[in-house]
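Below, chain A partners chain B and then partners chain C, in two separate complexes.
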Partner chain A sequence: MNGYLNQVAAIVWKDFITELKTRELFSSMFIFALLVIIIFVFSVNLSIVGAREIGPGVLWVAFLFAGTIGLNRSFMLEKENGCLQGLLLAPVDRTALYFGKLVSNFVFLLIMEAFILPLFMIFFNIDLLPHLLPLLYVILVGTLGFCAIGTLLSSLSVNLKTRDIMLPILLYPLMVPVVIGSVQMTGQVLSGESLSGMMNWVGLTLCFDIIYIAVSIMTIDFVLEE
Partner chain B sequence: MSDENKQDGSILIWLTIVAFLVAMIAIFIYVPTEQTEGAVQRIMYFHIPAAWLAFFSFFIVFLSSILFLWKKEREWDIYALASAEIGVIFCSLVLITGPIWARPIWGVWWMWDARLTSTLILWLIYVAYLMLRAQTDAGSMRARLAAVLGIVGFLDIPFIHFSVLWWNSVHPQPKMISEEGLGKGMDPSMVATLMVSLGAFTLLYFVLMGQRIKVEKMKDEVERLKKDHLYSH
Partner chain C sequence: MVFCMSEQTHPVSSDPVVKVRDIRKDFGYLRAVEGISFDLNKGEFLTIFGPNGAGKTTLIKILSGLTRPTSGSATVAGFDVLGGSVRLRKEIGVISHATCLYPDLTALENLLFYGKLYGLNDLEDKANKAINEVGLQLRRHDRVRTFSRGMQQRLTIARATLHDPSVLFFDEPFTGLDLQATNVLKDHLHELHTGKRTLIMTTHDMSCGLEMCDRVAIQNKGRFAMLESIDRIDRENFEKLYTETLEL
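Then we have the complex of A and B:
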């Protein structure tokens, strides 16, 4: 078990070092998320539509669109430089590869979200601080669901000819339950109510996370087969 | 292909033709016109069987995908492909016949009702599945990737169903026809017509599957012959 964790950690560490060297991914994800928020502000009249009604949706669309960039890069980088071959040749379990990529995607996305949230607070004039804890829970569960299925599909779409176009086409319809759930729960949290009134959504998103991590573990061997 | 097989295929085709003739007579002549909705209600006899076939096809995709990953036989890959194509066609028919019915009854073409929304998302998932297949070269890679998507996509259906249902229950909508129409208050003649239509569509599924599987196997054969005879020199 310890050896397995070390393998996962090695892959995560590798991704972090690459990112620290290039700083490509984080900056593009952050700026892209910011742009999505700003474009949404232009597309709706905030004096007519309440910021509290539209805010959660805008926030999650920004997270998911920016997150797609991260997912696309995650395996493409490996493919471009022929590193995927190396990773597959490494004497590690394929599921360790999946978990390593999952963790690094998850953490990159969380860092980006941590930077976006204060800006969201300012632009939409919503005070997040009193609801921070439940909000954090919603963001963690939603982002994990997104990364769980996103990492699997990213490893899948890297084999396609038009991989960067196909990933969103494959991913977004499957993401619908998590998107609706996250937006609903964020709306509930931001209106100051507790999540206990929305246990069905909490359960659904948690189930989604667990099932898709399990399915990914079972199927990743077939995707990453050379 | 043996003669016996051909015989079976043509029997199935004739059976389907007869079933559809009976269904047409039932739908357009036998069954009485619904009182409140009028003639447009007859679209239900196409709409519901098409929806049933779409879901059934996607379930077959799911089963074939699992069996492919397990057995690694091209046979299951062909079944998944054929079933996905049929499913997308019938899902499209559901999405077309639905609004045609909705326009005179609801007054709008489309409503973000739970059932409509989840059917649309289902359609998107399986169109993406077919795109994935079109994007990859034939071979074990395509079969494996498609099988994984076939499994992942089908497992999403319960999540989509519940999330869309709860999402919409926030905004109350008019009742769907199936809530009042299918179970109670439906004339026995209507139930009978629907059943005949369901049967005819189900037979059609097997006819289409048989044809599509034949075509795909022929393609494989052509590929094999090409390799043997054209590239060997």
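Then we have the complex of A and C:
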């Protein structure tokens, strides 16, 4: 068990060292998410459409689109110099590779979201501070679902010539339940509802998180095989 | 290991180290490897020559557990390659034209990363020693991106031998190297051919390939057209033999 966790930790360590040196992943995700929010702010008349009504959808669209860039980039790093082959040749269980990449993607996305939230608050003039804890929970659950299935699909699409197109085509339909759940929960949290009042959405999103992780564990061996 | 699939814990047999029986690999309608069988004992060095598309790389991928054969069987270091065994991967090292090095990590960080994946003890010492052995001690803290192709290939040798594998595969290791880098790599190959390790190399470079090996194979259209001991080969006329064999 320790060996398994050490291997997961090694992959996370390697991704963090690389990102600290290049900052490619964070900067591209952050700028893209920021641009999405700015475009919506200027294209929608917030005095007619309430910020609390449209805000949750905009926030998750920004997270989703920026996260897709991150997922694509994450496995592209493994393709450079044939590093993915190096990982596959190492005595590492394929699920350890999956969990290593999942944790990296999850944390990178959370960091980006932490920077985007204050800007969202300013642009949409919504005070998030009173709802911070339930909102944090919603973001954690939604982001986990996105990364769980996104990591599997990006490992699948990395060997395709059309990977930039294929990842969103495969990912977005599968993400629908988690995105709907996350947007609904975010909207209700911003309206002042507690999490206990939206247990159906909480349950749905958590269920899909578990399903995505279980499917990934079962299929990652075949996905990574050449 | 928590999610590990069924795993061999003991070698299937101890001798020979590499045992290949009637291996075949199809990619759709294309037959990349066909009916290859051979044994390789401990310490032997087999060089496989062949034109592009002969199936040499596919054979190496099958033996290293990266690709499943369509039919046939093979064991390496006593472990069945079909199982994709974690134990098998501990016993092998693969060096190809793809360095498998992360360009934004330093030489030392690359080795530390791979060492962690292999679960090595005294990792920092082993990594530093491996870097010294390939003559990169002054560049250990430099990013791999700044290395020349020859330096990257030397670091690749350090990466692939860090865990002291008993079987080494070299897939076109001289690709893209200049004369000086080729000579340095040849020196390292001589050092690795100690009798303790079993080596298989694919190459187009006849002088390098013949210089070090104990046995020679010529692969063409997926098959071994020839497999001989180096003692039975006329090195002077090997190029002619190679051309004639391919024409058969």
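Throughout what follows, the second predicted complex is superposed on the first by the 226 of 226 C-alpha atoms of A that agree within 3 Å, B and C clash if a C-alpha of one lies under 4 Å from a C-alpha of the other, contacts with A are read in each partner's own complex, and residues count from 1 in each chain.
Quick note on the criterion: a contact is a pair of C-beta atoms (placed from the backbone, for glycine too) under 8 Å apart; a residue touches a chain by one contact, two chains touch by 3 or more.
Please read all numbers here as calculations on a predicted model, not as lab measurements.
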{"item": "Chain B versus chain C as contact partner of A:Ile38, first or second or both or neither", "value": "neither"}
{"item": "Which of chain B and chain C A:Ala90 touches, first, second, both or neither", "value": "second"}
{"item": "Which superposed partner A:Glu225 touches (first chain B, second chain C, both, neither)", "value": "both"}
{"item": "Touched partner set for A:Ala10, first chain B, second chain C, both or neither", "value": "second"}
{"item": "Touched partner set for A:Ile211, first chain B, second chain C, both or neither", "value": "first"}
{"item": "Chain B versus chain C as contact partner of A:Thr18, first or second or both or neither", "value": "second"}
{"item": "Which superposed partner A:Leu195 touches (first chain B, second chain C, both, neither)", "value": "neither"}
{"item": "Residues of chain A that lie at the interface with chain B and also at the interface with chain C", "value": "225"}
{"item": "Complex contacts: residues of chain C adjacent to chain A", "value": "1-5, 61, 64-68, 84, 86-87, 89-90, 92, 94, 96, 98-105, 109, 113-114, 116-119, 143, 159"}
{"item": "Interfacial residue positions of chain A with respect to chain B in the complex", "value": "149, 152-153, 156-157, 159-162, 166, 169-170, 172-174, 176-177, 180-181, 184, 200-201, 204, 207-208, 211-212, 215, 219, 222-223, 225"}
{"item": "In the complex, chain A residues that touch chain C", "value": "1, 3-4, 6-7, 9-11, 13-14, 17-18, 21-22, 77, 80-83, 85-93, 95-96, 217, 221, 225-226"}
{"item": "Contact set on chain B toward chain A in their complex", "value": "69, 121, 124-125, 128, 131-132, 135-136, 141, 144-145, 147-149, 151-153, 155-156, 159-160, 162-164, 166-167"}
